[in-house]
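Here come two complexes built around subunit A, the first alongside subunit B, the second alongside subunit C.
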Partner chain A sequence: MADSVKQNTLLSWLVDPLQSTRETAERAYRFTGDRRSWLVPFLLGAALLVISALGGWQRPDDFFFAYLVGWTFLLTTALGGLLFLIFHHLTRASWSIVVHRINEGLIWAFPLLLLLGVPLLFGMHDLYHWTHADLYDPSSSHYDEILAGKRAYLNIPFWGARLVLYFAAWTIVSYRLYTLSVRQDVDPDPDIPAKLRSTSAWGLPLTGVTLAFASYDILMSTDPHWFSTIFGVYFFSGGILSAVSVIALVALLLQKTGGLLRGVITKEHYQDLGKYMFGFTVFWAYIAFSQYMLYWYGGIPEETVWFQHRLQNGWQWHSAALVLFHFVVPFLVLLPRAPKRTSVVLSVMAVWLIGMHWFDLHWVTIPVLRESGGFHWLDFTCWLGLTGIFAGALMYRLRRHSLIPQNHPYLGESLHFENT
Partner chain B sequence: MLRTLIQEVKASMGIYESDADQVYGLLAEFPNPGVLLDAAEATRKEGYRHFDAHSPFPIHGMDDAMGLGNAVGVGVSTFFGGLTGFATACLLQWWTGAVDYPLNISGKPFFAVEPSVPIMFELTVLFAGFGAVAGMLALNGLPRPYNPLFYSDRFEGVTDDRFFLHVAASDEQFDAEETAKMLRNLGAVHIELVQDDGLADS
Partner chain C sequence: MVSRHTEKKAPLAWYIAFAASLSGALLLLALLAYVVWNGIGVWGNNQPVGWGWPIVNFVFWVGIGHAGTLISAILFLFRQHWRTAINRAAEAMTLFAVVCALIWPTFHVGRVWVIYWTLPIPNQMEMWPQFKSPLLWDVFAVSSYFIVSLVFWYVGLVPDLATLRDRAENFWRKRILGFFSLGWTGANRHWRNYEKAYLLLAGLATPLVLSVHSVVSFDFAVSVLPGWHTTIFPPYFVAGAIFSGFAMVVTLMVITREVYGLKNVITIDHLEKMNIIILVTGTIVGFAYITEFFMAWYSGVEYEQYAFINRAFGPYAWAYWIMMTCNLITPQLFWSKKLRRSIPVMFVLSIFVNIGMWFERFVITITSLHRDFLPSSWGYFEPTWVDIGTLVGSFGLFFTLFLLFLRFVPMVAMAEVKGIMPQADPHHYDGGDGRAAGNGHAEGDGEPYIRPAKVASLEQPDTDEGEA
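So, the complex of A and B:
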């Protein structure tokens, strides 16, 4: 590391691997809020998690599934942000420089998420049917020939090793993208943009492949008989939609409630973020429907069973709501130019889409646990609790550094960006 | 009343009518795109509405200078084109599959939403594209093979290296002398009165 940007102690490394560079930030780009900006969401999140843990004492399986949905929500959002940043570096996009630091704050999430994922290890037996030992005993009445065939892949040691590998890969890529960019704030080394690009070049396939396998391991294997080859893309499409919404929402919060970055992030940037929200809404619908239509056409029972369950016992309302509120409504609202340039509408849509991403993951995961549709209060407390801690860590990072990469060579272009 | 309305709609497409003396308007030539941009802005601020700028290439900022704003019309015609395509696809799938020629294919319903969605998607995109192109052509008053400005010999240079501002005689404020004076003050190097009797062979 350069002398100008120092590393932190191990504990705070989880939240921010760098010491504060706040003093070197230009005044206009400095976060001026006090510690409440990160402490309040963090404490609210922690309180909700304590309540969830108490509820989990009574209903462990409800707790673990709700926790898995909330945790996966944050994981997909962080991964979406990582890929969003990677392809902006690779295409040398200049419009987005002013929102890069928010994105970079979002992606330094994987060490903390790995730690927050530890409670799930205690629920492996509830969450993952394939962990049951009697499935693999030919003399048992529970012997399952199909799962026995998948045992070489779906077993706890290999599953754990894979997850560690995924998190290591994501941490390395995000560490380089985050720290190189922050270092540029204090040391405008002209080689840094090229380093960011080359990291993105090998980081893109690495993240893409590990993300796809992570989607199989974390979510798809909750229903271990079922399989879908498009599941990784589905996992990604919702995550990147959520990530773009988070970036837009954080930018709007900093401007509207914090009075920061006035004239730095403009309507022109919001319109582009809105275009991405619109685009990934359509992309999500395209992928989600592609998965459904092929199984509908094939009509093979072991494939259709997954959707059949989600079209019965109250889950059909969740499915219908997903089509309507995850696709039709955001599609029509974000289609014209004006809503993307109106901060109130865009912030409502950002919150809406973030919520719909959680609803989507809830629809994917919870039918494995419960026969009939609906919600349990733990679904909400686990999700919001984890999100509070995550948001607190994000605000903590933003507070410690310049709010935009102030020495990026394309910054001037980004500041004067206009949609034609 | 209706005649004025039609005139206004045509003027919004850049199609202006000659006045009673068969004067089509003033064609002013400017030395470079910067002067043309400033002249267009000044002309708008003077209160003129029926005028158009001509240049060999797009000039950044010209839309704002001329007060053109965002062309909402293209978006609207694209949207309704898309809706038409969506409705056409629904009808097509239902009528061919369930009414005109029902075929039992591996026990699937004669009409179902699932296999129809790709058709709905494609026709929505196709018709939205048609709507966008048709809207763009209509709002620009295109195709338009005849334009009185073609009678000006100097105007031939507009596809090469010349920059023109045309103030139409149909504008309420138009006055051949006053307008010419204003254009000269704005930096016009050459001003020409274009006449049009509406006959192609003149």
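So, the complex of A and C:
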């Protein structure tokens, strides 16, 4: 690390590992909001979490499932952002430089998320059926031969060790991508772009593999009898869609309030972000449909049961809503050119898709808990509470550094970018 | 430079290669006639293994074709300028690979003369095809894929055929090229419409290419067979298709640029980028192998577990390990920059990749079929000389068509390459935008060809570009 950027103290390392470098930022790229920009979402989030914790006192299983959905929502979004950034470094994309810093703010999320994940440990018994000891006792009436066969993989020490390993891998990759880029702002070292690319090169397979196994451990194992090989891709497709929407939304917010980045992030960049939102909407639908269609078609009992739970007793409305609102509506709205270039429509769609990603995870997870569909108020407070804290941390990081990687060699190209 | 190879006499090597390929194509025709006359029992298929080499070859050839569309459509959407040097040849490769692929679903049926029953044509029997069968989806997928690829390729060819027309000195050559170039004059209005059409076709071809190989994967994945019934097949087959397709493009381009002297157009950088895509997709495929293996264990289903143990240690273990070596290990060598820029290394590796991908389809098809639920219906598949002959013959047909393409059609999209030459940039002469600026002269006159990037913080952002 260069002398010009100092490490932060241990506590704030969770939120931002680096000392502020905002003094060096060009005026045009400097965040002008005050501390309310991060304090308000943070406090709102904390308040909602306190309320959720009180509710969780009464209904622990509802609380833990709602918390898991909210936490996974943030985790997939951060992972989607990490992969989105990696793709752009590897392909040397130049259009996206002006939105990189928002994405970099998004990816420094894993230490905080690990901390926010700690409450889930108290709910392991509620969340994960395979943690019940009597399943593995042949003399017990609950003995489950299939789960006993999976015990070598599904057991608490190994599960915990795996999660720590995943978070370590994601933290290392995102630390390098984040700090190298911030360091470039104050110290234009000509080697940095190459370092970012090489980190992305080994970071891509590492992140991809850990993400897939994390999806099996965190979500698929809530229904431990069920399995699907495409599940990792499914987890990824929703996350990257959500991440692109977050990037677009934050950029639009920054411009709307205070006029930051006006003329820096232009309609041309929004059109590209809109294209990615459209593309990953279709990709998500392709993956989701493939998984559904193949299990519906095969009709093998141990596999179809997962969809059976989600197609009856009230959950059929959630499934239909997912098809309509996660695919058909965004597909039709984002298809023409004009909506992608209109900030109002694009911001509505970004919020919409972020909400749909949460709804998708809700649909994946909650049927394990509740036989019939519907929502509990804890589902919303946990999600919004966690998101508030997360958004506060994101805005806090954005305040502390230039909003644009201002010494990036392709910045000029990105500023003049036009769709052709 | 590009036009010349269609105008001058073809090199001797071309005639030798053409004779060899043509005899392969004739072998294919003769063997297909033999199969139709005698029945498909002349192939090695047996009762548990009803799908033998014909399906393996079908999936293999469809996969080869995918790289062409990826290069021409997907890389176009991502504004990757490097695609221009290779897209024409890659698209031609797509078309010929799809032709080779279509042979197999047509001829592996027992009664080829009633194959039109697979089309939804009103008829006196009032019978319709079953729309739930992925084999029927194949009919639609592959035929529309062929048509769209053909239209896409032809639309791209029009300006180049016009160039050839304008260069033609022979009367008939001028007439024929004049007919196929559709009266193209290169007017502003033409170009505007042309580029819109090209963008739309690219946008349509992209979901098409992903869906085609997904549909091909459904042939296997919708069944209930352990080893086939897996949800990861659609994206994993697509990744494998891109992997093998790019390997084929590398194989062909390495030879073509050597023989036709196109080293300044198809540079080592192009080949390197293709090798990177091979590395990425190869790693995805490798990860899919591991996922399948892991899930087979995790599922706790004994048939599923046995299917994978059988792959690795059963009678076809050799095929499995060839597949693993060629697909999982060899592309990883491309992590080294030195190796991925070395022509001999990439040539050998690209051939290895295609051997591996042929075996991947072989392993999926045959090892899953030859041992499944009932041990009493376990068998072993051995190909006959007809299996081998038709596979060899399909390569003959492919290279016959590809050599004809090299001889008669501009193998590089001239109009597109011109569009990305530095001189085509409107800011080229005024040194406008910092990066793509030169002085209008070729390399080596003192001015750097591409000026090193300025520290961009010196540049003020444009404030007049409007807020979004």
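Following the convention adopted for this analysis, the second predicted complex is superposed on the first by the 420 of 420 C-alpha atoms of A that agree within 3 Å, B and C clash if a C-alpha of one lies under 4 Å from a C-alpha of the other, contacts with A are read in each partner's own complex, and residues count from 1 in each chain.
Keep this in mind: contacts are C-beta pairs under 8 Å (C-beta built on N, C-alpha and C of every residue); 3 or more make two chains touch, one makes a residue touch a chain.
It should be emphasised that the depicted structure is a prediction, and the values quoted were computed from it without experimental measurement.
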item: Touched partner set for A:Thr72, first subunit B, second subunit C, both or neither; value: neither
item: Contacts of A:Gly263 with subunit B and subunit C, given as first, second, both or neither; value: second
item: First, second, both or neither for A:Gly208, with subunit B first and subunit C second; value: second
item: Subunit B versus subunit C as contact partner of A:Tyr297, first or second or both or neither; value: both
item: Subunit B versus subunit C, judged by how many residues of subunit A each one touches; value: C
item: First, second, both or neither for A:Ser174, with subunit B first and subunit C second; value: neither
item: Partner chain(s) touched by A:Val233 [first = subunit B, second = subunit C, both, neither]; value: second
item: First, second, both or neither for A:Pro409, with subunit B first and subunit C second; value: second
item: Intersection of subunit A interface sets (partners subunit B, subunit C); value: 293, 297, 299
item: Subunit C residues within the subunit A interface of the complex; value: 78-80, 207, 210-211, 214, 218, 221-224, 229-235, 280, 283-284, 287-288, 291-292, 295, 298-301, 335, 433-435, 453-457, 459-468
item: Residues on subunit A engaged by subunit C in the complex (per definition of touch); value: 26, 28, 91, 146-147, 149-150, 153, 188, 201, 204-205, 208-209, 212, 216, 225, 227-233, 252, 255, 259, 262-267, 269-270, 282, 286-287, 290-291, 293-295, 297-300, 302, 341, 343, 406-413, 415-416, 420
item: Subunit B to subunit A touching residues, read off their complex; value: 70, 75, 79, 106-108, 114-115, 117-118
item: Residues of subunit A defined as touching subunit B within the complex; value: 289, 292-293, 296-297, 299, 335-337
